[in-house]
Amino acid sequence: MLHPVTTTHYLVLGAALLAIGTIGVLARRNIVVILMAIELMLNAVNINLIAFSRYLGQVQGQVFAIFVITVAVAEAAVGLGILIALFRNKETVQADEIDLLKW
Amino acid sequence: MWLDTLFFYLFAAVTLTGAVLTVTRRNPVHSAMSLILALIGVAGLFLLQKAEFLFAVQIVLYVGGIMVLFLFVIMLVNLDQAARLRQFNRQWVLALACVLAVAAEVVYVLARGAGAFRYAAPAEAPRAGNVELVADALFKQYLLPFELASILLLAAIVGGVIMARKRS
Amino acid sequence: MDFLELIWLIPLFPLAGAVLMLLLGRRLDRQPPSEVAAAPGLAPPAGSHGHGPAHVQGAHGGRGKALISLLCPGTVLLSLIFSLGAVAQLAGLPERVHQVVKFTWVAGLPFFTQGGAPARFAADWGFLLDPLSAVMILVVTGISFVIHVYSVGYMGHEGGYYRFFGYLNLFVFFMLMLVLANNYLLMFVGWEGVGLCSYLLIGFYFHKKSAADAGKKAFVVNRVGDAGFILGMLLMFSVFGSVRFLDVNQALASGRFGAESAGLGVLSAMALLLFLGATGKSAQFPLYTWLPDAMEGPTPVSALIHAATMVTAGVYMVARSHLLYRLTPEVSLIVAAVGAFTALLSASIALVQNDIKRVLAYSTVSQLGYMFMACGAGAYWVAIFHLYTHAFFKALLFLGSGSVIHALGGEQDMRRMGGLKDRIPITYRTMFVGALAIAGIPGLAGFFSKDEILWQLYSHPHGWKAIYAVALVTAAMTAFYMWRLMFLTFHGAPRLAADRLAQVHESPPVMTIPLVVLAAGSALAGWIGVPRLWSFLPEGFRAFEHWLAPALSVHQAGESLEHAAEAGTEWLLMGLSVAVALAGIALARELYLRRPARAEALRVAAGPLYTALLNKWYVDEIYDFLFVNGLGKGGGRALARFDNRIVDGGVNGAGWLTRLTSSLSIWWDTWIVDGAVRLGSFLVKMSSYPVRVLQTGSLQTYALAIVLGAAAVFAWYLMR
Amino acid sequence: MSAYYTSVDHFALIPALMLALFGCAVLLFDFLVFPSPRQRKWLLVFLALGVGFAGFGLARQQAFLAEQGLSDFTAFHGALTIDGFSIFFNWIFLAASLIVALVSYKYLEIEGEHHGEYYGLILLANCGMYFLACGTDLVTLFVGLELMALSFYIMVGFLRSDKRSNEAALKYLLLGAFSSGLLVYGFSILYGLAGSTRLGDITAAVAGRSAWDPLVFLALTTTAVGLLFKVSAVPFHMWAPDAYEGAPTTVTAYLSVGSKAASFAFLVRIFLGPLAAAREVWVPLLSAVAIATMTVGNLAAISQTNIKRLLAYSSISHAGYILLGLVAGNATGIKGVAVYVLVYTFMNLGAFLVVVALRRKDILGEDLEDLGGLMRKSPGHALLMLIFLLSLAGIPPTAGFLGKYYIFWALIETRHYLLAVVAAAYVAVAVYYYFRVVRSMFVAEAPDREPVASSFGLRLALGVTGLLTLAIGVYPEPWLALAQTSVLLR
Amino acid sequence: MSEHLLSLVLFTPLAGMLVLLLIPGSRKNLIRLWANLVGAAGFLVSIPLVLRFDKSAGGFQMVERAEWIPSLGARYIVGIDGISLLLVMLTTLVGALAILSSWSAIEERVKQYYAMFLLQQTGMLGVFVALDFFLFFVFWEVVLVPMYFIIGVWGGPRKLYAAIKFFLYTLAGSVLMLLGILTLYFQHFRQFGFYSFEIAELMKLDLPPGLQQWVFWAFFIGFAIKVPMFPFHTWLPDAHVEAPTAGSVILASILLKMGTYGFLRFSLPLLPKASIDPLVVQILIGLSLVAIIYGALVSLMQQDWKKLVAYSSVSHLGFCTLGIFALNPNGLAGSVIQQINHGISTGMLFLIVGIVYERRHTREIAEYGGLAHVMPKFATVFAIAMLSSAGLPLLNGFIGEFTILQGAFEANRIWAAFAVTGVILGAAYLLWLYQRTMLGQITNPKNLRLPDLNLRELAVFLPLIAWAIWIGVYPKPYFEVLEKPVAEIVERVRPDYFRQAPAAVAGLEVLR
């Protein structure tokens, strides 16, 4: 019946998650959501790392994943901070409405 | 064995559903909620892969930490009206198309390279508990990036403070 | 004092004079202010038309001017003396050749002649005195001196007196360089130099547009000839490896080059190219059109440059290269033919001209044609002989006409002259001699040279009877138009307005004395070249031929001429030519002295009866186009038209063509060559905008770009 | 300290340690010790001290390598490798930080912004760069990159009240995070391939596989996208013009040299290390990217009117040239990359410093017109700017020529004649827009009478950059010798 | 000092410029004075070169060498042979005179103007003395910038367009040239195992003809644009017309020579096989001939005085390139002499335009006419300049043109025949110009009161006139100076040329 789950399954899952996250970044107007999408992408990476570390019987992958999470946190924090600063000046969080700088 | 398989598909389904909802919900709050769902799914996968420590981190840090932050911000820049706006930008069809294309390509590539990762039982069963192993690696092999991460966080804090604080 | 070693000084005296004039002259000769003011609104400048304001200006401008008047002729006199001395000493030398090389001028680099012989270009500042150049320097210095003196009087009233003499001296310098050079390149220096001076002197009245134009025309037309000269020189050089006369002659004489009687070879090409140069300088067809225009210059200039000396440079050059031409009979034939054609053409044109100087100009052209005929016939010494006599009488005629113009205050149109012979007797008498001489009346200079040429043509081994005939006809025309000029100018009733007639006065002695001198020359100069036929005269009377013999390797074919039959023919021909000349004079007298009656009579009688007779018909024609107002019609007009339309038209056409092509190339330059560049840069600039448009400012576009990039990479990988 | 770590590790760490310590110190003292504006200068002094000590440590490392005759030594079990390469780039980073800090003082005065955090962030960013130059472990490199990037996000958005600054920061951050997401995805694959995060192991693992192995390719692509984004290569460059324009000019300067140089160090490490085996795959890729980069950079710059934006595009095109050095890939090429980065740092920095000097009270001084009549107003600045622009255009005897020279040389050596010709052709295009700036400086009229901003730091910085730009051009020998030590090829 | 003579000559102007920068910009006359002093000094220090130059010695003289960038193999090597000697002297003299000529012409930003000029002076001298390709290239590029400013700042109405056009054209060319240089450089490394830019070293290279061709065309682009040869000439009229007088003088007299010098010094000796290739020769000769006739035709129709002179340069430079690619001693020597001549004559012509422009501020030929009445001295000077440019014997132009024709004739008679038409046209357009401007009546009241040349202006012209006459009357020294270097070039390009027969002797022994 159900044949065993291979690492590839995880990788494909990661790829799918990455794709969804990417779509979010590309298509959503709301910047907060875009940040969330980026979180999704990083999670995809984590799935890969865990799968690998499992497959290799190491923990290095997990440690790597911890750092990825840390970075994700840091980025999110700073990103939200900047977003707030922007919101103060511009009263919008729609990605396609911030196009002062172009050409 | 088949239980693992079952759980894998379960968590995978949860994760993907959460992810899709995150990207598609009109109201950011709903998006945040669905993101939590996705993260939990991922956490489940971690558990499935014997990464207990990471599972904990995922739950505590993400779900407990970041999501709060997100929601906080969402409230701060109150987005009731944002909820009523168009949620996708003009290029979304194009974006969707080419992301799917890339995804397909990636998957194809992975499938072709899959030979590298036939699933096998882990070479040796973990001697100690996962947490010890992680801690050992973290403080021996990865001490340097660990220290570095602290500085990174410091920078992030400073940044958050600078950005968020009202102009004096 | 060894004049032979000092021949290099001969050109330098005039040069010194010229330099002095051009640097300091302005101080010596204060300009009248009216010279400066030349704007259209203001009064016309001094001498803008001949001598109009000359009287307004009054006195000659004081001591400075006097100094100039002494200095410039003085330098020429010095060269004359030195030349005489040098020639005298040359006569003493056995080989009759003396070469003075001061230093190497153009020292080229090694190269290889056609024969593969290594050579190295070298042209010296070297001077060669041999009988040929001896004759030339005497003619040049002598005539120039006389004309300088004349000019003191003639140009006295002109502004830019110093300038005039500066140029004139400069001209003498270059002319002497031309004739004294010991190689073609240095000769070319003189060649170009005289061209320059002629340009400057023609354009002397540079406020006169026509004058300036004429000067330019002269220079440019000459340049065409010079191009031929240069190429000829290069060719000669690449064949012989040298351009020294002596070397070249030696090479030619060495017999390594056979006569190119069959087809045109290298030598023929060389000869032709050189001859092209000659046609330019000596105003032969087709390059002769500049000479008549050159009459815009002051009359002494016309006399010196455009009659006596410069225009004969071509003849001199051909004579210089006689060995070359001897080896190329075809080219010699061409030379003769061109000479003949030019002579006939210009003579016939001279028939109908009314400007006194133009008549003389065309006459000069035709006389030069004569000289070339002689060259073509291989009788180089005769050519030089004619050159020498022609120098006298043509200079005389020009100066005479100048004196007339001077007397009439700038009037040059013969139709407004007439009956002047009593008012300016000296001028009249001297010109009378000149006219006889050119017409070829026995005993006068012109006769001997012209008759010799005719004889040489007739007796040419290849029997050029056609050319001889042309020459004879030309002789008749010459006589006719010269005497037409005489009669119209001096005889009959004055046609000048009374008030101006009152002002007519004989020129001052400073002008008349030269006339007398030249008249004497034209009368007697011929007696050193009497025909062999006149065996009753001692050889001394044939000094000229003997003198030139070594330089021009005259073939001593005299013995064959002793045959009675030959002698008979020669007597006959001599008579014929004299007769022709007389006929021409008579005809002229007929038509211009007793004009009215004859004219009417012929008009009335004009009918089939007379037309049958060519002669009468001929007269009729002349009659006709002389008395229909102005230039007349018929053959003369046709010829005049030919000159204006075809020949000039050729020149103008070429000019027009050049202008067209040049404006075409400008168009090409701005729109194609440059346009391409402009287009390129424009496109680059434009392409900047599409690139920028991608930068929409929406961060998601940017992200999309990233993804697209990745997609492309993957695609590339999969396509591979 | 446990025996697990040796003194070598600390020896390798000292510079970064100094930077981090003094960074924190500045952050603290800002509001603990020197609250009053008058004492701010001390912060600058501290920063200088930090850089000084770091430099000292660097010099020590250099000396150590020299006297031991070593080519390199590793620390933290291979997480760090100190070699000529890292030292060379670190010198560049330190110089850039110091110079930027020097000019920032006056600029911040004018902008009326806080000093403490700013200087602190400069040091932290520099700390991150340090690890990019000498890190040889994926995790270390990743975290170092993020440290640098985060600091830059913040600095770009430092003018919180300025819409353009916010926007620039936000765009930079989102795109940066996005790209680093892709980058780290690639890293995860690399890790999976090698079972280790040490570059050495990865190199071995990749070398064991065929160059066209799909997974290697996947890793290569995603990594390359992330890295090329950082060095702003087309088509991953689009953040750069906006970020450069919106950021405070001093930060733009720092970003355009510091961040770029560090990213290139990173790039070279990865491409000549783990991905070296896949050379035949990425050479065509990079060639295409390089050409696209030069094209877009130069063409877009032609019609710019904002100097910062113009220089942004010009810096993009320079990235293209540097990539060509990597494409050539032989010793000359790699040395060329180093030389180019070196000269680029000084000339580009200088050019931006002049723009900084144009920022005056209530004059933004970013438009091409604002440069008008600079020659009359202050010849010094104009002449320096001229030198910088000539150098950017690559006209001898300025330094810029040397960089281009090496690139061309390498391309000729490796028979990339076509690339060479294209690169050469774009030099002419580049001159066109550089001389638009020259034109307005020397020919156009001045729009205002306001004298350009000036301070000791500014003068010093300008003097140093100008001097170096000339000196390297006229007598490059010592610098070339330095660059020689940085060639990674074994 | 003696062994550093060349460096002294080379850097005098630079030093002068540095000092100049210290003078406050407000003291215009002091600046002018100083600049002129430096210019004069530059000329004076270059005189010893002539005195010390040894005609009989082959190769380069007064060579100085020093390490510069060992890691690139670039050295500081300077030295001169006959060709460089002449060009250096031309540069120092014309440079000094150009500086003198702009005393009253330049009124604002005097300091920058003279600074640029002196800098450029050093650059040009460097090009002519450098014996290291890298050094050469550096100087070659250094020259661009000052000229850009001289045109772009002090130029006429369309100065910016002209300046950038000049800059881009030349730069594009020189970058391609750089690629050529690098190819040689790398080939040298492959053949000898070490990098060097030294000409002498690169001479040893043995390259396959195909490669030589590529490199040759790379060089060609660089040099031909500078000369400029026919299709690349369009920058020239613009640059000349817009540049200030002294600028045009330098541009015409010296800058253009950099191109021809490049052909002589590099293309021919370094790439002999390519230079002798029949196709290459035909193309280059073809372009030269086109340039000769084309330039003449175009100048014939110009309404703008300066543009006319500019196009005449195209024609004259056509002669120079023709001589070069005749590839025989006379052609080459003639080419060099013609370069000097062009420097003198065209320099004078531009100065002449500048003088009337300074008085009337128009270059429309139609605006003038009859100036000879009011400016006799000027008219005389102009006449001499015009005639020397038109190649009248006893003036310099003739010697050059004739020698070139000689060389061309030796190579191929048809070429010479075509070139001669250039001589004719040259006379035509120059005389016509002279007539339209100097002769005739003064039709324009504005010209009634024009002042004649003043002493300074005369002082500018006299040396040039003197030189023109010297070359015209006694050119022997020039041929002597050129004999060795030219022979070396020919030897290099056509090794068998001199072996056709025993050493060259006066041609007639064989005929006798």
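Labels A, B, C, D and E are assigned to the chains in the order they are written; within every chain, residues are numbered from 1.
The rule we apply is simple: a contact is a pair of C-beta atoms (placed from the backbone, for glycine too) under 8 Å apart; a residue touches a chain by one contact, two chains touch by 3 or more.
Fair warning: this is a prediction, and the values are worked out from it, not measured in the lab.
Chemist: Spelling it out: a chain qualifies if it touches chain A and also touches chain E; which chains qualify?
Modeler: The shared contacts of chain A and chain E, listed by label, come to C, D.
Chemist: Treat touching chains as neighbours: how many steps, at the fewest, connect chain D to chain E?
Modeler: The fewest steps needed to get from chain D to chain E is 1.
Chemist: Count of steps on the shortest touching-chain route from chain B to chain E?
Modeler: Minimal hop count between chain B and chain E: 2.
Chemist: Tell me which of A-D and A-B has more C-beta pairs in contact.
Modeler: Looking at contacts between chains, A-B has the larger number.
Chemist: Suppose chain centres are the mean of their C-alpha atoms. Which chain sits farthest from chain E?
Modeler: Computed centres place B farthest from chain E.
Chemist: Closest chain to the protein's overall Cα mean, using per-chain Cα means, please.
Modeler: Here the chain at the core of the arrangement is E.
Chemist: Measuring centre to centre, with centres taken as mean CA positions, what chain is farthest from chain C?
Modeler: B
Chemist: Taking the mean of the C-alpha atoms as each chain's centre, how many Å separate chain A from chain C?
Modeler: 100
Chemist: Distance between chain B and chain D based on Cα centroids, please, to the nearest Å.
Modeler: 31
Chemist: For chain B and chain C, what's the span in angstrom between their mean Cα positions?
Modeler: The answer is 105 Å.
Chemist: Round to the nearest whole Å and give the separation of the Cα centres of chain C and chain D.
Modeler: That gives a centre separation of 81 Å.
Chemist: Which residues of chain E are in contact with two or more other chains?
Modeler: Answer for chain E, listing residues that touch two or more other chains: 168.
Chemist: Where in chain C do residues touch two or more of the other chains?
Modeler: As it turns out, chain C has residues touching two or more other chains at 681, 692, 695, 697-701, 703-704, 707-708, 710, 714, 717.
Chemist: Out of chain A, which residues touch more than one other chain, so two or more?
Modeler: Residue numbers touching two or more other chains: 18, 21-22, 25-27, 35, 51-52, 55-56, 60, 63, 67, 70-71, 74-75, 78, 82-83, 85, 88, 95-96, 98, 100-102.
Chemist: Write out all the pairs of touching chains, ordered by chain label.
Modeler: A-B, A-C, A-D, B-C, B-D, C-D, C-E, D-E
Chemist: Write out the stretch or stretches of chain C touching chain A in their complex.
Modeler: By the definition above, chain C touches chain A via 692-693, 695-700, 703-704, 707.
Chemist: Flag every residue of chain B that touches chain D in the complex, lowest number first.
Modeler: For chain B paired with chain D, touching residues are 106, 109-110, 112-113, 116-117, 140-145, 148-149, 151-152, 154-156, 158-159, 162-163, 167.
Chemist: Across the complex, what residues on chain E touch chain C?
Modeler: My answer: residues 165, 168-169, 231, 233-234, 294, 297-302, 328-330, 333, 370, 372-374, 376, 380, 387, 392-394, 398-399, 402-403, 405-407, 409-410, 413, 416-417, 420-421, 423-425, 427-428, 431-432, 435, 438-445, 448, 473-476, 479-480, 482-483, 486-487, 498, 500-508, 510-512.
Chemist: Looking at the complex, which residues from chain C come into contact with chain B?
Modeler: Touch list, chain C to chain B: 698, 700-701, 704, 707-708, 710-711, 714-715, 717-718.
Chemist: Going by the contact rule at the top, pick out the chain A residues touching chain C in the complex.
Modeler: Counting only chain A, the residues touching chain C are 22, 25-27, 95-96, 98-103.
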